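So, here come the structures, one by one.
Heads up, the next two complexes both have subunit A, just with different partners, subunit B and then subunit C.
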Partner chain A sequence: MSKRGFDSGPMGGVGGEMGQTRKQRIDLADLRPGVGGNGGIAPVGGINPHTNRPYSSKYHDILAKRRNLPVYEFLDDLLAKVKKNQVVVVEGETGSGKTTQIPQFLVDAGYTRDGYCVACTQPRRVAAMSIAKRVSEEMDVTMGEEVGYTIRFEDCSGPKTVLKFLTDGMLLREAMFDPMLKKYKVIVLDEAHERTLATDVLMGLLKDVLQRRPDMKMVVMSATLDAEKFQKYFGDAPLLRVPGRMFKVEVFYTPEPERDYVQAAIRTALQIHLCEEPGDILVFLTGEEEIEDACRKIRDESANYTSTHGELAVYPLYSSLPPTQQQKIFSEAPGPQAPGAPPGRKVVVSTNIAETSLTIDGIVYVVDPGFSKQKIYNPRVRVESLLVSPISRASAQQRSGRAGRTRPGKCFRLYTEKSFQKDLQEQTYPEILRSQMSNVVLTLLKLGVEDLVHFDFMDPPAPETLARALEELNYLGAISDEGLITQAAKMVLSAPDFGCSNEILTIVSMLSVPQVFMRPKEAAKRADEAKAQFAHVDGDHLTLLNAYHAYKQHGGSKDWCWDNFINVRSMGSAENVRTQLERMLTRMEVPLLSPDFNAPDYYTRIKKALTAGGYMQVAHLQKTGQYLTVKDHQIVSIHPSSVLDMKPPWVLYADFVLTSKNYIRTVTAVGETKNELEACAKRLYQL
Partner chain B sequence: MLPPQRLAARPTQLMAPPQTRPRTAVTHEPIEIHGYSRNSATSKGDTIIHVDSADLQELAFKGEAYDPARPNDYMEFCKERENRAKDEERQREYEKFRKEREEEVRRGRNTLAGLQSLPSNGDNRMPDSIIPARGRGRGGVSNLPSWMTKGAPVEDKSSCVDTLSALESGKAQFADAQDAIATGGGVEPRGRTEGIGAALMKKLGYQDGAGLGRDRQGITEAIKARALGGGKGVISGPAQGGKGAQDVDRQQQQPQPKKKKRGLFSNPTKIVLLKNMVGPGEVDDDLQGETAEECAKHGPVSECLVFEVNDNSYPEEERVRTFVAFERQESAVKAYVAMNGRFFGGRQVQASFFDEEKFARKDLAPGKEEC
Partner chain C sequence: MNRFKKKKEQRIEKQHHRELPLSKSPEDYLSAAFIDEPVKDSVESSSRPAPVPASKKARAALVAEKLEKDLKTPLSEENVGLKMLKLMGFKTGLGIGKKEDGIREPLAFAKKRGRAGLGETERQEEAARKREAWSQARIRLIEQRRESFQAAMSSRFSDRRVASNLVKAMKTIEALDVQAGHERSCLWWSSADEHGKEEKRFGLKQGVQESIDFKEKPSMRDQNDTVAANQMPIMTEDQEYSVNFELWQTLKNDEKLSLATLYLRETHSYCLYCGHQYQSVESLKEECPGKNEDDH
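After this line comes the complex of A and B, so read on.
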């Protein structure tokens, strides 16, 4: 396909008039003397109020650049709006600087006094990290101190942190343990237009929290034209529109539909390299395999032209790529091979990560085949899958916009103009409509939301999807038949704080299946002996854990189970429940941790985690030698099947068995005193 | 370890429930019997079991003990007795589980949904009773488990009412499956998940046909994907908002849903077209016969034809068209109800009525109105 093959489309004028709006840039230092608590952006040569140290020279260099950002002009407007309203919607093109600057403005305006914190959510981990790094430089502070980030496997923030960047999933997780988000004064929801699952849930949740916390503020930042929807959702919140720094992007379509979009994309990228002016290329493809394959082909092919047309450096970009590899996309394009020879060029082949959240400077050409990998959930067959599907018009606009970041650019769409107009949808369906929801439901239940049917989602999911989620949770034992979150689920969710979520997961899965230990009457004695191998002095929960470990060590052998009077089928079921729970936790960004097995506190930690989750199901030893349950004051005895051979003062139980006598079954000794118990259960009380 | 009273259990009773056993004072010398296996499924490892001689006494009462006067093989006798023991053990175990389960149901235990049988493939799908088996078995239609052929749900793609009724009928199917397990000697009780989602939603005030959300404005039908093969597909869905509360209320005043269902049968013919019985290229010699056989359950079939569209531009599930001509229209309607939405080797069959004249002309390709 040659360049001539493209028709110039009507989309050519994207952001063409932006240049004019930027004409009245005024130096901020003059513009706003002393807005906010700390006097706003500090004057030249001043003392950094965050560190009480003089600003470094680097700070001033960066500050000069920051003042050139479009968003700077709107600082006063923004702060005035935030002051007057609880929710403000900011619509800004990519490149306006809203993500890096607005959170800082809020910090400087004094919203973090009295020990409060400003949170800014990002849909992607990489973005949270790189933005935090950038902002800490801009504010001239050490990363992890005043400015930090929290992502799934890393918490780089501390007690001094006033501005925290975190993934939307992490904020949701924080909300599980602090539903009022007491720590935060302002929540900035960035990239809200991406409508990730977590962002949608957060929005519904925050809408409620904001009502109960009038002092709290929220800024919703979105890139595209959908801002009205956000405004409406948040009770006609005011809108602040920030223009981006955009140059004209010329859009080309293919005259005929392409048969193989990957081949076409490779061809187009090479064509650009051979025929177009210097400038880097961004190619959108759908997945890791496809991207790696395309990179290889482009590299091989371009090697033939290095001498005549300059070197072509090819970089892949997808979310599972290690961060160091991801950083490579920011490297400069290679220079000329020899003096006088044509300069090299950079090609980034990316998934839709590069569509909005990551900004790569120097991109002039965009190749858009019109596809992306999208999640889709079919509630009828309960399968969630990833499907390579056509993108929406909004996505296509975003993609083409990436070409106009540094200078006028070109976007090559590998589909016809007719299909752009007719076949593409206006907007991508929000993730919540395309996902299975069990983890969302569990999160909401944990947050105390009971009426899931009328929860104020921006786009409520299909009823069938909710029904399936409830069924699955019930099936996994995470919610009861009454729709309430179970003790087991609470245990699992609070386990990461004790660093033993893996073990708790195992115990909970084992508890969810009956009759792990068989005790046929004919061989009761032998069965008891077999069980004694796994017995733990502190009780049955840990015995179950031991049994599972032993089962795993023996590779799930049927013979081994048989020899040790262990129910093979129950074990298989437990394993299965465990896998499913594990998957759900991963989606909820709950870290899966194991303490060191040889550490002296291995079992102590697990017991603490059990107590934290199951505080309501404890019983206290009475003088009579029987136990009294804390929850409903029943006199109970330990079931004869328990491995406990003494009577500890406090026990945790999993089951209450009503037979001739009241028994508690599956019992573990927890703590010697009530104080010890309460310390563990403190988190539960907060709920 | 265990409380002493537990360890000092009575000598094991092997054969019969205690209340029927005449406890005559015979020598209480324990007798060792070799070869008794405590597992009903595998016979692993010989176990030595102590048997009260009273047990043998009892055997004699039943006329089963070794009688030198009768010409029999002692080994065979032992084997027979062993089998009986196994049966009894199985029965006992089942009784135990049943009791336990009843107890659990009674006290509304909240730690676990009481599920044992899990999908074997380990992904987050639900038990087999809900998902039809994947892959097409040789037997095809005629080998469908009983619960699949009973009361197959009629699925109307445009309404959620049917989704829920499908769920409801799923419950019935589930009960069948449970029965099948119980009668088949299985001892594991199945979970009570099916339908609970719908039940919980109803408890929260969900009205059939409405959307979710504060103003019930949510979509009523899940977003769908049309697979195009090779991991590609088109995602589409009725993104229009669901019926608001008022609409639903209005709808409930008039018995709308029933009428709607009838709409499906507005002009039934004698010919039923079944789509998506198998995928393109999977048609084999048996399909025709098997389908005819299955459909004959609903009434005499005059003709059965399979037609495959070779045009790749058609969606995969539209390409294999199986036509069944019945002698009577009622049979066709019955077959339609039974077949539509049923799963056949992992595929969901889509049934519709087909024009009789066109069928007579053997004009079997998809017409314009179908696409």
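After this line comes the complex of A and C, so read on.
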């Protein structure tokens, strides 16, 4: 048995390939649970309809186990409900197997015919990966072929993929380029109760998409008892309740509040070790420092009792811990020191990542001080921070549930029952109320949602939070004063397709600040010479990029800027804007890529990305030697400040300057022919 | 070329203009937009308020105070984002969402300090509140006790004084009456029953009861006073004493005493406080300093 699982029920054993008995087809009936006896279990052998290869013996081993999962009993009910309704809400406790099984049921029921795909979202990358791996084993297919996953930086799926696990943020990004999510027939939103920012935005979007695509289905899966809210939100969608495999957990409260919850947690863990039956302990604390401190103290203290009460193995767990260290939490508890001596015990001191995302088998005792680090954003002071805050009652229930995965357990809450009722709120506030929203707003605008005020949020954010987001985007040059997405923003968002998002980011940042190249009257000639160092033959955008690179190479030196007639303040601002944009893109799961600087197509790629984003701001050379803008047919000239010294047939420009003469400023030569231009732009505008 | 230069200057000027609101604006992003990010542009930091208090503590307090104030200050109506939001149809006072019923205000921003357990801070605050209330109550109680003790002590003292004077007066009346051959009256010490004697001697029970009764039943007192007053004229006019036993019993010690001293003075020319029998009522009036003990 594996020691690890993500809400996926018992893991299968590893079996070798065995001889196969051929069977013509396996149909859905074979996958269904048997009604009495083992009538439904598929005979050994059979052909896997996904691969047209015979099933391996491992498949049958796993299948037998899968059939024992609680969710199996509800297969027919689920499929009937999905057939009749567009949205179905599934409420299943941890251990019901819903995450691994339900997407497979949907595939087997034929929702992926005609080249469609089933998507299943996960709030965490690790979960998306490990579930995809598990499910590909269960379906007896190669990971990345029929079953795959897509997370930031990694797309492990292909044209044959019928079932794809992906982070909710990734699906949101896909929606940016495919607003109708055309390739999916069913979207399964898993762990919806976690109410991540991306899940909430997805729900709002999908509500709209479902209306426009009557053929599309959606399954919302939630762990806790707030299914009603989801049902209501999705127009009274039917509910399917799947019981989990949970043992009873006895809950204890302290008679008085604790003076120091860390001390209390350490004391409680030691007391459990000394007084309670064998079984591992899970202690919840808030952060790395606290956890390491507690681990040290527990280790020191328990060393005194090793001979009398057995060894206590202590493992920390938090997200910044290296994966190899994290793996240690799955190791077996230490055995008895000597024959006949008491067996050892394992204690894991963890942040709330052990609350939902990670399941450690063998936990019988849970120590819950009632705190976790939570993100909170206040638009008035523009600060997003992680603060230690009381958990919610739902969280407390979830934590105590961790003690009942393998056998009846105990949960020690380090607060009074009165505190539980009075000091804890019912549910944790959804992330959307606790986050800054610039990236979400940009995503929505990119998706064509122009009225953010009346967007159907399940829990609408505070008006000031949205106002700040708009203000920030406006400042960063991503949206206009009218709240419309700018050319620069579009350019950045499509840049990853050309593998040069880093470069586009730099150019956009440089465009957002006041004049970078200074040209004092008395030193005009020297200034022009200085600028010539950075000049790129194709134009001003690339010149700006070169200037930024040179600036970074000189460590942002003021003297260097001074010597080269570069506005140091503008550069500082550009750097700042760049950092903020970069952070926003990271949040939006937009990959940050750079082409090889020495590759021949380095500048070509950048130019293509620029064109794709700025298609509307293109001008074409006329016979008169002047240019005609594509958008509003104005006769313009290239501004004298441009580094371009010839007249290319097509140019891209950043500004339109109206003086005595019409000028276009910050100009770069793009594609030689119109066709070439259109080919670039098509990628963005094909929708 | 000349013309071009001119334009270029104009442009630079214009850009200067563009720069200003960017850096001086109160909503400037470069200053505090992301607190974990050092501010690169030196101009931004110098535009911030200069006075910095000397001590670390005072600085921290100032920062905390500012934060507190900022958290309570909604975005200005002039905010670019808010204006855009209004363009999208946002109405001040309403929320976001399909039904415009989202939260109106951002979530509160409570910072937890230290490692106090859940409910501990509240418990400590509650305990501090209780301690404060208790100590207040205690101070009040002690003061009250002191006052009432003093009052009780002084009244007890005077009650005893009255009682002992009364006993003395009644004994003197009895002796003088016997000497003068008067009939036995309720003023005689020997007439008082055992129970009455006890009470009279110490006057404690009666005194304490009275101090309570006084407040509760002022009308009773008034009644008693009028009863006593009605009897008085008989004594002074006719020198006769129709004070009977029942009436005597209803009187209080001080009333009894004033009656007894009056009787002694009028009948026997005797002043209890001088301890002397004068020749006549006239000489008593001349020589005795007064009717009351305090006069002596």
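A few notes on this one:
The definition used in the following text is that the second predicted complex is superposed on the first by the 605 of 687 C-alpha atoms of A that agree within 3 Å, B and C clash if a C-alpha of one lies under 4 Å from a C-alpha of the other, contacts with A are read in each partner's own complex, and residues count from 1 in each chain.
One rule holds in what follows: a contact is a pair of C-beta atoms (placed from the backbone, for glycine too) under 8 Å apart; a residue touches a chain by one contact, two chains touch by 3 or more.
Fair warning: this is a prediction, and the values are worked out from it, not measured in the lab.
Superposition note: with subunit A as the common reference, subunit B and subunit C are in steric clash. In the superposition on chain A, contact is made by A:488 with subunit B only, not with subunit C. By the touch criterion stated above, A:62 is placed in contact with neither subunit B nor subunit C. With both structures placed on the common chain, the touch criterion links A:550 to neither subunit B nor subunit C. Contacts of A:576 after superposition: both subunit B and subunit C are touched. Judged by the touch definition given at the top, the superposed model places A:259 against subunit C, while subunit B stays out of reach.
Looking at the shared chain after the overlay, A:341 reaches neither subunit B nor subunit C. In the superposition on chain A, contact is made by A:464 with both subunit B and subunit C.
In the superposed model, A:414 lies in contact with subunit C only, and not with subunit B.
By the touch criterion stated above, A:512 is placed in contact with subunit B alone, subunit C being left untouched.
Across the superposed pair, subunit B and subunit C both touch subunit A at residues 371, 376-383, 385, 387-390, 429, 433-434, 450-457, 459-472, 474-475, 481-483, 514, 521, 524, 569, 572-573, 576, 579-580, 583, 640, 659.
Remark: subunit A residues 254, 256-264, 369-371, 376-383, 385, 387-390, 414-416, 418-419, 422-424, 429, 433-434, 450-457, 459-472, 474-475, 479, 481-483, 514-515, 519, 521, 524, 556, 569, 572-573, 575-576, 579-580, 583, 640-641, 659 touch subunit C in the complex. Against subunit A, the residues of subunit C that register as touching in their complex are 4-5, 7-9, 11-12, 15, 18-19, 22-23, 27, 29-30, 32-35, 37, 40-41, 43, 67, 70-75, 79-82, 84-85, 87-90, 94-98, 100-107, 109-112, 115-120, 122-123. By the touch rule above, subunit A contacts subunit B in their complex via residues 371, 374, 376-390, 425, 429, 433-434, 436, 438, 450-457, 459-472, 474-477, 480-484, 486-488, 511-514, 520-525, 528, 532, 535, 559, 562-563, 569-570, 572-573, 576-577, 579-580, 583-584, 640, 643, 645, 654-659.
Listed in rising order, the residues of subunit B touching subunit A in the complex are 1-3, 5-7, 9, 12-14, 36, 38-39, 42, 44-45, 47, 49, 89, 97, 100, 103, 106-119, 122, 124-127, 130-131, 160, 163-164, 167, 188, 191-198, 200-201, 203-206, 210-214, 216-225, 227, 231-237, 239, 242.
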